[in-house]
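The data blocks that follow each hold one structure.
Both of the next two complexes hold chain A, though its partner changes from chain B to chain C.
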Partner chain A sequence: MIRIERRIEANPWWTAGTLVAALVAGMLASALIVATAGADPLEAFRTLFFGAFGSQKAMMTTLIKSTPLILTGLATVIAFRAQIWSIGQEGQVFAGAMAGYLGSQVLSGLPPLLFFPGVILFGVAGGLLLGGACAILKTRFGVNEIVSTVMTNYLAIYLLSYLLAGGPWAEIGDGASYQQSVPLPAAEHLPLLFGTKLHFGVLLPFIAAICGAVMLDRTALGYEIKALGTNPVALGHKGTNIAKTIVVVMCISGGLAALAGVIELYGVGHRLKADNLVGLGYAGIIVGMIGGLRPLGTVLAGLLFGGLASGAVSMRVVSDIPASLVPAMQGIILLFVLCASVMARYKIVRGTAS
Partner chain B sequence: MLGQLSRRLLAIWALTLFAVFGHTNGTYASSPEKLRIAVILSAGLDHGFDATLIKSLERVKQAKPHGLDIEWKSTEPLWGDDAGDAMRLFAESGDYDIIWAHSTYSDQVKKLKDEFPEILFVVVGAGNEGLGGNQYWVYKRLHEPAYLLGVLAGRMTKSDVLGVVAPFSIEDINDSINAFFAGARAVNPAIARKVAFVGSWYDPAKAAEYAGAQIAAGADVIFQLSGNFKPCEAAKILCFGSFQDESNFSPATILSSTVAVWDPDMTWIIENWWSHKAEGKPYGGNLKEHWFGMKDGGAAFAPYHDLEASLPVDVRTEVETLKAKIASGELEIPVDLSEPKSD
Partner chain C sequence: MSGLFQEAILISIFAATLRTMTPLLFSAMGELVTQRAGIWNMGVEGTMLMGSFVAYFVATATGSLWLAVLAAVLAGAVMGLIIAFMTATMRVDHFVTGLGLNLFAGGITLYWFQSYVHGGPQPSFSGFEDVPLPFLSDIPFIGPVLFSQRLLTYAAFFIVPAIWFLLYRTRYGLELRCLGENPKALDVKGLSVPVRQYGAVMFGSAMTGLGGGFLMLAFSDRFIADFSAGRGWIVVVALIAGNWKPKGVLLAVVAFAFLEAVATHAQVVGVGVPRQLLLALPYIASIILLMGVRFRTGQPAMLGFPYARE
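Let's look at the complex of A and B:
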């Protein structure tokens, strides 16, 4: 007799196995969609793969596109591990870009060694404040964080729209503005790494992921975050200030998402504009989930999604396969991975119940 | 003996080399026969802005300027860095002579244009920076047909309140809205204006909400630049479309539309490319907006279709007269870029 039993402890091999199976199943399901659309699935995957990882240049593009996704993914991991369902990453990315842009107005003219850390701190502070505000709403007034973070997303997006639509930061032409700031001067573009097209910011997600992993596994705060997620009552009895922990978690999460925004501004877009930011926060939630809510898993998921994004562009250019396949694929993979994460918690047992 | 042989070999080599390179040089100097265009779309083919471009491309292909065999490939909508990556892939493939980026992409072109000096880059509309060189800046002003729509609206309204719903307050939208009201006030000085900006390029629900609010506040003609005509249908009032003949979206309410025609723009670009390729003239992209109006066939006014009979003959004649005056250059519609406000 074969039964399904809940695992007491996760088996890393089994978890990894279900994850790989989910990815493969997701690819197969996507291939079916391509085939029903009348295109060749092999051709689709080939162009997608070469566009993402097929050359040194493609890999650099993938890395640049992964950078914000990993950061917003990490923002998701920190919050979700504490069972704080913050979906404010989108607004925090905008807040990071806006606060970072404010930084350039204050710090303009400083030597690069002071300027870049300065504007990054400005940006991070923006997201931190937005996340912290939702945390205080939750701990003081019992406002559900899902509601408050969705609302602050709108606040941040419309604040940017106000600032750029004829507002104080708009680039004014002959008569009207075009929803964008003036471009940043070349001296304020993030420096490039060793003459490649990679900007300095691509290092930050990896540093952040390592710090995040160490923090979650090796520090008291990490223990408290995980305990907040599994049993807040017990954590309270232990003497931890739960309200304070919630505020800390949401500040870190907001700061990480904001880092994505400020890096996009100084490393990629080089002018403040919603087009360059939209969607990065929401995608981060999927990336964090697929990464199994683990920092290192999130790095891998972010690289996968960055690869899908850059592969999608080359698929549009090289082949005639509709690139809207890629968002569909992302959704399908997410569904399979979520199924796998449930599966990973169970085991198949042969024999009678003990 | 050996020297003679090698000299002869050398001569044969030289002849062969001359034959090979002389020949290729010959074809290089002759005129190009093919023109390949890569198009970066910004909104998708459901939108007038992109749909009208593809229609123009098809007409220009049929017209075969300089006997050119024109081919093109278009992407789905791409923005920001993604658009830049797509342009780079098109450029690096070496398969394209013109990269037509159909909106605000000068930030991306700036990073590419010097690396690919033989490719002619095109950017379109407001928000671009005039970079010159091999970047040409196409601009579309539809203020002239919008003025004519305004004249119609001013004549047809009973409440003297006109509504306008538009995506954003930007230069190449403000020009149309201001001209619309200028036309209306030219024939009906009592006109009161209602203006709403949706704050998004695509948000039909909000576009309907704003139009509905304007109708509730007394507007009985709506100039809809955000593409939702349901509120006009519900209130059974006249609506105007923008950028393409939108009549088929709502034949019973849409009296006419402003229409973008890109043929003269495309011809202008192809002429510049031709004189560079065939005659060796250096590219000289424009630094300031460059546009073709109704006089040059760059903007048009959509037909009335089934609603023609409902229009009084004197109004129809008045509009025809004005149209002829604009087309001949006798009447010039001023370009007003300021942000339109409600009264």
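Let's look at the complex of A and C:
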């Protein structure tokens, strides 16, 4: 007889196995979705993965596309590990880009060694304040963080739209496109790494992931974050100021997401424009969750989805399949991974109950 | 400004309030049933978006608006089935399930939409027209506001008492409220908790699908990305602000709809305020509203807690 029993301790092999099974099942379901739209799934996946990992150039694009996803993924990890369901990453990416752009107007003309750290701090501060504001709404006023972060996402998007559509930061003049700023001067583009096409920002997610892993596993704050997620009552009895911890968590999370926005502005887009930012925050939620809410898992998931994002471009060109297949796939895979994360807590045993 | 002009504007704002209220009200009453059954569904936005897209697809492909309404309701029910499977059967966290579903719906509707249009000109349809009721619509002021609306808006007038009756005056409603307060009581009586939760979530999501369908068929003639634009989240806010009671939720929905109607009219009249600020008003109002709501007496005790027998 075969029964299903709850595990007392997680088995890493079984956990990894359920995750891989979920990825495969998600791919199969995505193939079905491709077929519903009348396209050839095999052809879609072939061009998608070739475009993502098929050449050195493709892999560099993958690395660049993964950078913001890993950062917003880490922002998700920090918040969700504390069971704070912040989905403000999208708005914080926008806030980071806007505050970072403001920084360029203040700091313009400084030597690069001061300019880039300066504008990055500006950007991070933008997301940090937005995250912190939602945290205070939660701790002081009891406003559910999911709802408040959704609302602030819309506010950040509308603010950027106001600033760029005829507002103070709009590009004016002949041939100016709608809803974007003037391009940044070349001196204000993030420097490239050793003659490659990679900007310096691609290093940040890896540094952030290592810091995040150390913080979660080796520091008092990390302990408090995990305890907030698993047993907030006990944490309160221990004498930890829970409200303060929530504010700290959401500030760190907001700062990380904002870092994605400011890096995208100075490293890739080189001008403030919503099209360059949209979806990075929401995709980060998926990346963080598929990464098992662990920093290193998030790096892997971010590389995978960054790859799909870069492969989507060539898939559209070669196979004429819309690039929006990638967000659709992300959503489908996420649903399977969520189910797998529950299955990882159970085991299949033979024989009767002991 | 002449008095006649002012009256015309007022009539237009109130009529628009009722029109704007319709999709929110269908969805809010459906989700009220879902949440009273203990499922804290955060996937309202995604469900509504799916309803809107399916309505668009069926309306342009078949040319039948009522078929499109039916399809939107079915699409909502299917989304509800996914939510119910994940929350009641798999017992995934309710918040995470909803977030996942929203991201899924956002991605897949965009993919289907782009595949459907395929770079060509976007098919459009002509939506529902107003159906003025004979005699009643001739009453001054009240007539054009109340009785010159779309058919589904008239239906929305009856949905609040109907849901109230279902929840408080039927056996099924009693069981449903029990699901949210004390599911164990049902379980020990031998009544299946998951079966009732599936029913409640699928009903609620079907209503949200209907709301999304109406949003598409009465307000637009084509689909765009993120078409529902946060209205599903407004419904979630309305449930909390309305303290999980039909009348309270109705009041919250009317307030939001009125705000949106005022904002769209301010745009048309040309008030010297940035357009984006007017568009952002419902979201700012949501935050302020939730800051002011200090009572949560109506929140079902087991809302958001997956039920397990052991």
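One rule holds in what follows: the second predicted complex is superposed on the first by the 334 of 354 C-alpha atoms of A that agree within 3 Å, B and C clash if a C-alpha of one lies under 4 Å from a C-alpha of the other, contacts with A are read in each partner's own complex, and residues count from 1 in each chain.
Here is the rule we use: a residue touches a chain if its C-beta (ideal position, glycine included) is under 8 Å from a C-beta of that chain, and two chains touch if they have at least 3 such contacts.
Note that the structure is predicted; figures quoted are calculated from it, not measured.
Go through the superposed model and pick first if A:322 touches only chain B, second if only chain C, both, or neither.
Once the two structures are laid over each other on A, A:322 reaches both partners.
Answer with first, second, both or neither: which of chain B and chain C does A:271 touch in the superposed model?
A:271: touches chain B, not chain C.
Touching A:180, do we find chain B (first), chain C (second), both, or neither?
first
Give one of first, second, both or neither to describe whether A:120 is in contact with chain B, with chain C, with both, or with none.
neither
Which partner does A:235 contact after superposing on A: first (chain B), second (chain C), both, neither?
A:235 contacts neither chain B nor chain C.
Identify the partner contact of A:161: answer first if only chain B is touched, second if only chain C is, both if each is, neither if none is.
Both partners, chain B and chain C.
Of the two partners chain B and chain C, which one touches more residues belonging to chain A?
Between chain B and chain C, C touches the greater number of residues in chain A.
On chain A, what residues does chain B touch that chain C touches as well?
The overlap between the chain B and chain C interfaces on chain A comprises residues 158, 161, 165, 322, 324.
Residues of chain A touching chain C in their complex?
33, 36-39, 85, 87, 137, 141-144, 146-148, 150-152, 154-155, 158-159, 161-162, 165, 167, 282, 285-286, 289, 321-322, 324-332, 334-335, 338-339, 341-342
State the interface residues of chain A toward chain B in the complex, per the touch definition above.
For this pair, the touching residues of chain A are 61, 64-65, 158, 161, 165-166, 171, 173-180, 183, 268-271, 273, 275-276, 309-310, 313-314, 316-318, 322-324.
Please output the residues of chain C touching chain A within their complex, sorted ascending.
Touching chain A from chain C are residues 42, 82, 86, 90-92, 95-97, 99-101, 103-108, 110-116, 230, 233, 236-237, 240, 274-277, 279-280, 283-284, 286-287, 290-291, 294, 296.
So in the complex, which bits of chain B are touching chain A?
38, 73, 75-76, 78-82, 85-86, 89-90, 93, 104, 107, 126-127, 129, 168-171, 174, 197, 199, 336-339
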